[in-house]
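Both complexes below contain chain A, partnered by chain B and then by chain C.
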Partner chain A sequence: MFAEWLFTAFALLSILGAIGLILFRHPMHGAMSLVVTMVSLAGLYALLSARLIFVLQLIVYAGAIMSLILFIIMFLNIQTRDLPEEKGRILYLLGGIVLLVPVASFLIKVVKSLPATEATIVGSGFGGVKEVGLVLFQDWLLPFEIVSLLLLVALIGAVVLAGKRRFVK
Partner chain B sequence: MHDFLTILPLLIIVFGAVVLMLLAAFEKVSLTTAAGISMGFFAAAFAAQLLAGCGPQRLVFEEIFNGMLVAGNFTMVAALVIFACGFFSTTSSHTYFQVNRFDGLEFYSLLLFAAAGMVLLTMAAELITAFIALEVMSLAIYVLVGYDRNRVTATEALLKYLMLGAFAGAFFAMGTALLYGAAGSTHFTAIATVAASEAGSPLLLGGAFLLFVALLFKVAAFPFHAWVIDVYDGAAAPVTGFMATALKAAVFTLFANILAIHGALHQGWVEILFYLAVFTMFAGNLIAIGQNSLKRMLAASGIVHTGYLLVGLVAISADTFTGAVIGYYLAAYAAGTLGIFAALSYLGGEGEKRATFADFRGLARVRPYSAAAITIFLLSMAGIPPTAGFMGKFYIITSAIEAGQIALAVLAVVSSILSMWYYLRLIVAMYFQPAEETFATTGSPWAGVGTIALAVSVFAIGLYPIIV
Partner chain C sequence: MTSLDYLLIALRVAFAAFVPLCFIAVCVWMERRGAGFFQDRSGPNRAAIFGFRAAGLVQNLADAAKLIFKEDVISGHIKHKFIFVLAPVIVFFAALVSFAVVPFADTLVLGGRSYIMQGVPVDLGILWFLALAGFAVYGIILAGWSSTNKYGILGGLRSAAQVISYEIPMALAVIGVLIVYGTVNLNEMAQFQGQLLFGFIPMWGAVLQPLGMVIFIVAAFAETNRTPFDLAEGESEIVAGFHVEYSAMKFAVFFMGEYVALFVSSAIIVTLFFGGYQVPFLATATLIDNARPVAFLLLLLLPVAMYFFAGWIRRNNVSHYPRENDPRAFEAKVYIRGLWGLVVVIELALLAILFFASPGGPAAHIFAALLQVCTFLVKVTLMLFVYVWVRWTLPRFRYDQLQKLGWQILLPLALLNIFVTSAVVVILS
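And then the complex of A and B:
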């Protein structure tokens, strides 16, 4: 019962954080709001007994990546007056909501139709570094390998789009 | 050993991409060298794929990769189309970049990375692998679209494509999560088992729905087609050609593979795919008729071709699925579209100054061969015999009739007749109006050679089923 309350709290917090991320005008507020989402996601992972993912979520996402984002925002020194005028964003938001209502109601229907399941007790090593490592390098070897391709492409892309360009003959 | 041969083309492409990435750090390497190396790797991968051959669908490295990669005749054809698209996009890019100076060696590296992602996508037999492959391909293409940082339209195209593409990626991931909930696994085989036993399961339905939204976005099908005009218009001509052909080939291969995993899954979506196909064809035609810019018209006609491919998807039968019809249409469509974008790459001139129908008035008087080649490509896209486009449409429509979708077949023919309007409009402008300029082109002849090769292959692909 307590776990269910925790789940509801974390889920609500993560959604509120995401909404804040979209609605806040200043990027700094948005980033702080994203921290809330990241931390509550970590809480959700902990509830699932995913120990390693919980730690990684805190260290990598809520920690490293968020501080990088904050650093960039501070580095660019964005003030409220630098932000563009957003006319009619409420109208756009409302239009988007209206468009999403059928999709959302469909998804809610899907979720509601799920059969109730009993929580099972996982083994003692579940979600630890060793167990995740074994699954990752045995069952999920191919996705693990091609993620390296993805990261390489992202790296080159960032250099190409943002770096100094040297023209060759 | 045979497994290794099967993924050898993929390894060649990835190796080539890494080699080009490393070479980009050296000052001495010229653009021509880089383009040559890129063409070499694409040609080598094409040859390796052709030599390795294939057969019925089977798992590659089943033990090590845990059944996440499949290869078969269908994936082989898709890979051949992708490699050929990469090859001819490179020839076009080389000429294009001698006039439009925003090049860099990384361009070719990203082209190869995109091709690697596409080939992985066609071979994926598992949703997480497919997702990563989709993102490898998309990320590389985003960067290629926005490669020209000085042009506002390119930046706009990049931003639109990136934002919407990220949305599509999120839909894909969400769909994967729901399907995992339904099947307890992301393998296609496991999903097929669930589809067979409980076809109406809400999780399966919701998961497939979200997955299809992402795929329909990527191929620019009806409700998700609005981005394609601006993005295709903003990207450089060779990149647009590559996107329009190779990307569509890769995503449609995955789409067909997913639909074919079980008959029950396909049956559940036939009706929706039917309406999507019809709306895609006619929306594309309506948009294309209103365009004055050639690239925008071609983008809209790409939507129409997506519609024909959806007709092909409606008509597949999951039990006897070979993908022959879709593979053939993808090859036929790729030859025509790549050809016209190759021609645009060298005729477009600096900053793509020749862009509208009016700019190509009287091309036949000044450059009869270029005009003839463009005419061949347009006729192929319109579906006039004996070109590849005609045979492709013929197979699509006959397969629809065999599947009992007579109405769909008739609508496809009507749409094909409508599309004549904008294809013939360019032919009329080229042949029956006086020339106003000299159409002088500078730069290397590579794109021109590529155009001729593609014009020949339009007939070769068209005549292949008759001869063989």
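And then the complex of A and C:
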């Protein structure tokens, strides 16, 4: 029962944060509401007993990435007047809602038609650091290495692109 | 759930919440008296209640009264008032919550049930600390930004860039530690450090990971924005940095948050590298089996230590010029009597353990846990003293020196540490 209340709270907060990200005019407020979404997603992971994913979500998304975004917003000192004026904002919003209504009603229908199943609670070791590590480095070693190679390429690319300006001068 | 379960849960949560708060007072006192000691002066020791100065601790009460009754100003130019007020709260709570995973005693076994001695029973350990260390930077960024003040923004920028840079060597130093201990759980790490290397050296992280320890401690200094890394405040350059616009209790919350962060990072350093709650040479099992000899030893040592401490108080707590009926001598007498009373109470408790505790019984378990709590707090206090020591000894870095140290020295060293450690671990296993 308590877990259900928590789930509802985190789900509501994550949706509210996402709405805030779109609706807030000031970038700093938008970034802060994205932080709320990230943290409540972490809470949802924790409810699903994915402890490692929970803490990684906090470290990587809510911690590192969002603080870099905040840092950039502060560094460039973006104010509301620096942003392009958005005319017809309300119209776009209404149009989007009208477009989304059939999709949303379809999704609700699909979810309702799902057969009721008994949920079993996974063992106490599920989602811990050791368990995820073992799966990652035994069953999924090749995909893991490929993904890390991809990230490395992106990293080196970023460094090269950032450093290029110096050679041009 | 029995009533004992509820009692122990309440105790452990209360410990995790209130001990860091109490240590704010200890830290502030140690900082000021330490500064006095290093600069060859007395430090604040005049504030008194009926002539009792408690070695300068009363000064904290005076400060608290001052900060509470000061006018709380939010200047008119600050547009984002909500974020402005939110920022110190984030700093304070991020610091306080990160203490929740630090064990302050080994798992207590009572009546066949075991109780984890940390604020929140999660096994994420050091990962939780790293996650919340990332959150503290939000408070600083938001404070600097919402102040709408050049000094504030400069302080926020410096601090954010510094914390983000030093998180990397810190996390890499932690990886070396994880390879050695094979766990992220701080309690298991502390249990590992209860073993003995070659039979006579405590297997502490400081012995197994000396390079990792140096990197972690330097990075922890930078994370807590302490001198020599306090460019975020840099009084001589940017007045007070990110908290220049804050007054009264909002400033006090920043101030307390800084000291809570200091306490927590000392606790983490102690747990990772100095054996955590382990009494040197006495692992938990040994301690429980030998509760009576240990209690006997303490029974003998405590009065001796108290005798010398009383002499030290009597010699030092006097007026520096001749006075009739020296009030300080009277003060010293009261302190000494109070402390002797405390010693007598502890002696009685030790006597009870000596006579009634069976080896491995519940009394022995509780005795071991209490001894470990005391050991943990003593170690953390010593580490806090190191923080004070460094602050009043080293000058501040220049900004480019700070970034150079982080990226060009600590980062390669941390990577080297990982490779060497994993090679050694692979060879030994």
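The rule is short, and it goes like this: the second predicted complex is superposed on the first by the 148 of 169 C-alpha atoms of A that agree within 3 Å, B and C clash if a C-alpha of one lies under 4 Å from a C-alpha of the other, contacts with A are read in each partner's own complex, and residues count from 1 in each chain.
One rule holds in what follows: contacts are C-beta pairs under 8 Å (C-beta built on N, C-alpha and C of every residue); 3 or more make two chains touch, one makes a residue touch a chain.
A quick note: this is a predicted structure, and the numbers were derived from the prediction, not measured.
Contact with chain C, but none with chain B, is seen for A:64 once the two complexes are overlaid on the shared chain. Residue contacts after overlaying the shared chain place A:108 against neither chain B nor chain C. In the superposition on chain A, A:94 contacts neither chain B nor chain C.
In the superposed pair of complexes, A:159 makes contact with chain B only, with no contact to chain C. Of the two partner chains placed by the overlay, neither chain B nor chain C lies in contact with A:72. Of the two partner chains placed by superposition, only chain C is touched by A:51; chain B is not. In the three-chain superposition model, chain A touches chain B and chain C at no common residue. Chain C contributes residues 80, 83, 122-124, 127-128, 130-135, 137-138, 141-142, 144-145, 153, 156-157, 160-161, 164, 167, 184 to its touches with chain A in the complex.
Contact residues of chain B toward chain A in the complex are 14, 18, 21, 27, 29-31, 64-66, 68-69, 101-107, 109-110, 113, 116-117, 120, 126, 128-129, 132-133, 135-136, 139-140, 142-143, 146-147, 149, 178, 181, 202-203, 205-206, 209.
By the touch criterion given at the top, residues 106-107, 109-110, 113-114, 138-143, 146-147, 149-150, 152-154, 156-157, 159-161, 165-169 of chain A touch chain B in their complex.
By the touch rule above, chain A contacts chain C in their complex via residues 26, 28-29, 32, 35, 51-52, 54-56, 58-59, 62-64, 66-68, 70-71, 73-75, 77, 128-129.
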